[in-house]
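As written, the chain order gives the labels A, B and C, with residue 1 at the start of each chain.
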Amino acid sequence: MSTTILFTIISLSAIGAGAAIILYFVAQKFKVYEDPRIDQVEEALPAANCGGCGYPGCRGFAEALVKADDISDLYCPVGGNETMGAVAKILGKEVEAKEPLVAVVRCSGSPEHRKRVNEYDGASSCAISSALYAGETNCQYGCLGLGDCVEVCDFDAIYMDEETGLPVVVDDNCTACGACVKACPNDIIELRKKNKKDRKIFVSCVNQDKGGIARKACKVACIGCGKCVKVCPFDAITMENYLAYIDPNKCKLCRKCVTECPTGAILEINFPPRKVKEEKKDAAKEKKAEVSDKKENDSSTQNK
Amino acid sequence: MLKTFTKGGVHPAESKYSADSAIEKLPLPKTVSIPVAQHIGVPSKPVVKKGDKVKVGDIIAESAGFVSANIHSSVSGTVSKIDNVLDSTGYKKPSVIIDVEGDEWNEDIEQSTDLKKEISLTDKEIVQKINQSGIVGLGGATFPSHVKLSVPEGKKIDVLIINGVECEPYLTSDHRLMLEKAEEMLVGIQILMKALSVNRAIIGIENNKPDAIEYLSGLIKNYPGIEVQELKVKYPQGGEKQLIKALINREVPSGGLPLDVGAVVHNVGTAYAVYEAIQKNKPLFERVVTVTGQSVKKPSNFMVRIGTPVNDLIEAAGGLPEDTGKVINGGPMMGKALNDLDVPVAKGTSGILILPDEMAARKPENNCIRCAKCVSVCPQGLEPYLLNKLTQLEKNDILEQNGVMDCIECGSCAFTCPAGLPLLDYIRLGKSRVSRILRSRKQ
Amino acid sequence: MNKLLTVSPSPHVYEDTTVKRLMFDVIIALLPALAFSIYFFGMGAIYVTLTAVVSCVAFEWLIQKYLLKQEPSISDGSAILTGLLLAFNVPTNLPVWIIVIGSLAAIGIGKMSFGGLGNNPFNPALVGRVFLLISFPVQMTSWPVPKGFNTGYADAVTGATPLGVMKEGIDKGEAVPEIMNQIPSHMEMFYGHMGGSMGEIAALALLIGFAYLLIRKVITWHIPVSIIATITVFTGILWFINPEANADPLFHLLTGGVLLGAIYMATDYVTSPMSVKGMWIYGIGIGVITVLIRVFGAYPEGVSFAILIMNAFVPLINAYIKPKRFGEEVKHG
C-alpha cells in the first residue's frame, strides 16, 4: 500500500473515531430520560396521527396515556376497543369498552328538495361561505356543499356526491375521529352510535326555523310538528327550536317515527324495504325509499 | 405632488356615475324592518313591542353596553312585530318591523332647515347627546361615535381628521353631502372639535371631487381651525390609517388606534349627523345612499329612512336592470354582495351598486405565480400570498407573526392578483381564526 | 329577472391583468431581440427558436395530460416563454435533437417535477441551458459568427465570442487593450454585431424590451438595476486597479448574458424574491457571483450559474427579509 492510501486510512479513521467518542459523550450528557413505556404504547397505537383522541399525534397520546393515572376517559377512535385493551395491558391500567361511533351527515337538502336561490362564486370553502352569508338556499342551517368535511378526512371516509351536493360517509372507513364534525361550520355532522349492519335512524335536518319557513326552504325539512316525539315508544326523541332529535343511545331502531314523519325528514338507512300500506303517504314513502336505497347502494353491505 | 399614503394602493376605475345627481328624498316605504344590530358592538335591546305606536325619532331599541348604540324609529306608525328578518349580513337577525302610517315626527325634533351655528353644549354634554342620538360611523364601519369621542386617560388628541375621501369607486353620497350640506357639516365638525377639545381639523378630499374642494375651501374662512387638504386619488385613501399617514404623516402602530398618534377620524356623513343631533335634536334615522351601476337607468343619491327595503331604492333609480349579475351593499372593493333585495337599508349602507353580468364573475383561477404584485399593493405592508397559504395550511401562530390582524380587508390584493386567487377570502378566514385564539388567550 | 344573483366575498372588481397577458408581454418584449437575431444569424435563429418553443409546449402538454393527469395549461404562455428563452441561450447552429433534450430538461426537470407553474425554485430555461452546457460542452460553446439573414442553418461559421476571446487572452497573459483590438468595438456590441447566442448579441434590442416591460408594469426596475449596478461597480474596481489585466465594465455589460439575464431571466416571477429589499440582495448576489466566475472561474460566462445559485437562496430571502409593515415604527409628526 502506498503511503498516500495508508495516511488517508489512518487520518479518516482517527477523525471518525474522534467524532464517535465526542458524539457518545454529548449524547450521554444531553440525554432526555423518557419512560420506555411511551415507546411500547406508541407501538400499540394505529399510527394514523389524526388527532381524533384530542392529542397531537399518536406519540402525544402515548405520553398522555403513560402520564395519566386514570385512562378510562382516553380513547383512540381509530384503533377502538381492541387498541385500548392492548394499551391497558401494557400499562396495567383499566379501560372501559366504548361503543363504536360513526359520522352521520344530518342534511338531505339536495337541489331536488332545496331550491337554489342564488349562485355562490367565492372560494370553495364552507368556512368562508358561511362567514359571508346563509348560503345558496333559503335554509341558513343546511349543508353548503363546498366540501370542508371531505378536505379534512384522513381516512377517505367521506366524499361529495356530485348530484346531490351533499357529503356521503363511507361507514367502513370512518374511524369517528371527529375531524369532519369540527370542520363543518353548521354542525351538521354528528358522531352517533354504530349499530349492527350499519343501520341508522336519525333526523336528517338541523333547521331551527318555524315549520312553515323551514318547509318553504326545503321539502324534506323537519317542521317541528312533534308527531315523531308522540309515537316513539322509547322516549328517544326530543324537540327543541322546531327541530326533532333522536337520541342514538335510547333508539331501538323500531322505525315507527320514520313512518310518522310527514316530510320525510327522518331517514332509515340499511333496513330491508317494507310494503307500502297507505295510499296517502305513497309519494313521501317513495322518496324516503329512494333515499334509503341510494344510501344502501352507496355504503358497503358487509355485515358485522 | 399631491399628498397621499406612501405604501401600496391600487387604482380601480372611478365610475362615479352619480356624482352630479342631487340628493333626493326617497318616498316613504310601506313597512320598515330596523335591525337591532346595525353597529359594531353589542346588539341593542328593543324597548317597544307589537302594537306600540311610534313617531319618527322615537327610541325603539336601547344601547346595551358601552360599545353599543340607541336605535330610533325612522317612520311613524305601528310596530307590527319583532322578529328575525333577513338583513344585509346574509342571515336572519332580530329586527323591529313597523307598518308606516303618515309621517309624524317626535315633538323634540326641530324640523326647520335654518343653519344654526351657535354651539351651546359643553364637551361632555355633546358626547352624551351623540350617544343618546344613536350616531355611529357612517363611512360604513358603524363604530359608535361616542366611543371614539371618549378619549381615555393619558392620551392626548391634537387633531380631528374628517374623511371626505370616498375612495370606493361608484359611491358619491359623501361627495353630494359636501356640496349640498357643507355649512351644516362644518358646524358639525366644530361640534366634534369642541367635544374633543382640539382646535385643528383637516378635511381630506380626493382630487376627483374638485367642486367639493373648491366650495369647501371657500367656506372654511368662516370656520377657524378647519383646513381642507386635497389628496391624490388612490385606493384605499379613505382607510383611517392611510388617511392619517397622508394628512399628518403619522403611522398608527400595529394593533393600535388613531388615538395612539393623537388623532381621531370621523366621516363627513357622521359630522353632518352630529350637527343634526346636537343642533336640531334629530337622532340618526336617515342617511344618504347612492344607487349606481353601469346599467342603472338613473344613477341617484337618495336620502333614505333606515329600514327601507333595498328594492324601493332600486325601483326609484329606474328599476333592476335586465343584465344584473350582482347587487352589492356598499362599494365594489369592500361591499357585501346581497342575495335578496328585500333586505333593509341600515346605518352602514352607503350605497347600492348593481354590477352587470359581465362584471359579476371572478377571474379564472390559476396557481400562484409569485409575481409579488399583492405584496407591492398591500397598504399595510403585509404579504397576502403568504397569509393566503398559511390560512389554507392552518398555521395560525405563524399567521399571527406575519401580521394578519393588521389587515384592513381593503381588497387591493385580490383586486390585483393576475392569477385570480381568492386571497382576501382566505385572509379573512385566517383573521377570524387568529382573533378567536387571541380572545381565548385573554381569558 | 330570471337569473339568480351571484354572491361572493369582496372585492367585486378586478384589474384585467392575467397570467397569460403577463407571459405574452414578456414574449413581445423579446421580439426586437428575436428580430435582430434573425437578421444577423439567418435561418439558424428561426429553426432554433421554433424547435425550442414547439418542443417545450409539447413536453408540457404531454407531461400534464399523461403523467400528471391534469388539465394542460399551455395556454397561459409560460411554456412558450421558456422555449423562447432557452432558444436565446443556445447557439443558432445547435442540432435539433439537442434542443429537444434541452426542452425536456427545462420543462420536465426544471418545471413539472416541482408541480408546474408557480412551484419551481429554479428558472426552467436556465436549468435547460446549464443541463445542455454540461452534457454537450462542445456543441454548446461553438458560437456562430453573424453572417446575415441569408445564412442557411447548416452554413454557420463558428468563432469564439468576445467574452471567450477576452477570457482566453487574459489567461494567456495578453494585455487587455491588445485583446480589445481583436473583438468588435463597444458600439458594435451594443447594436449586436458580434458572435454569441441570440440573447447575448443585441444590447439595444434587449433594452427596448426592458422599457416595454417597465411601461406595461410587468416587472419593476429593482432586479435589473441591482444586477447591472453590482457588475459595473465590481468590474469597475478591478479595472481601475489593473486595466491591463481586466476588461472595462462596459465590456462586461455588453457581452455574455448579462442584459438578457438581468432583464428577462432573473426577473422571472416564480424564482425571484417577493420584497424590494430581497430583490436588491438577490441582484447584488447575482452580480457578485457573475463577476467572480467570469474573472476567477473556469467559465467565460457566469450569469446562468449566478442566477441559479441565487434562485436557491430565494426561499431563505423570502423567509427572513420581510417588507416593512405599516406602523412598525411609531412616528410622531
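Basically, a contact is a pair of C-beta atoms (placed from the backbone, for glycine too) under 8 Å apart; a residue touches a chain by one contact, two chains touch by 3 or more.
Please read all numbers here as calculations on a predicted model, not as lab measurements.
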Can you name the chain whose C-alpha mean lies closest to the mean of all the C-alpha atoms? B
Between chain pairs A-C and A-B, which one is joined by a greater number of C-beta pairs in contact? A-B
Calculate how many whole Å lie between the centre of chain B and the centre of chain C, each centre taken as the average of the chain's C-alpha atoms. 49
Distance between chain centroids, defined by C-alpha means - chain A, chain C (Å): 52
What is the distance, in whole Å, between the centres of chain A and chain B, each centre taken as the mean of its C-alpha atoms? 43
Which residues does chain B have that touch at least 2 chains other than itself? 90, 336-337, 339, 360-362, 422, 425, 428
Where chain A touches two or more other chains simultaneously, the residues are 117-118, 121-123, 128, 132-133
Counting only residues that touch at least two other chains, what does the list for chain C look like? 5-9
Chain A residues touching chain C in their complex are 116-123, 128, 132-133, 136
In the complex, chain B residues that touch chain A: 86, 89-92, 336-337, 339-340, 360-362, 422, 425-426, 428-429, 432
For the complex, give me every residue of chain C touching chain B. 1, 3, 5-15, 17-19, 21-22, 73, 76, 116-119, 220, 269-270, 272-275, 322-333
In the complex formed with chain A, which residues of chain C make contact? 4-9
Which bits of chain B are touching chain C when the two form their complex? 7, 10, 12-13, 90, 169, 241, 245, 248-254, 256, 260-262, 320, 322, 324-328, 330, 332-339, 353, 355, 357, 359-364, 366-373, 375-376, 378-383, 385-386, 402-403, 406, 409, 411, 414-420, 422, 424-425, 428
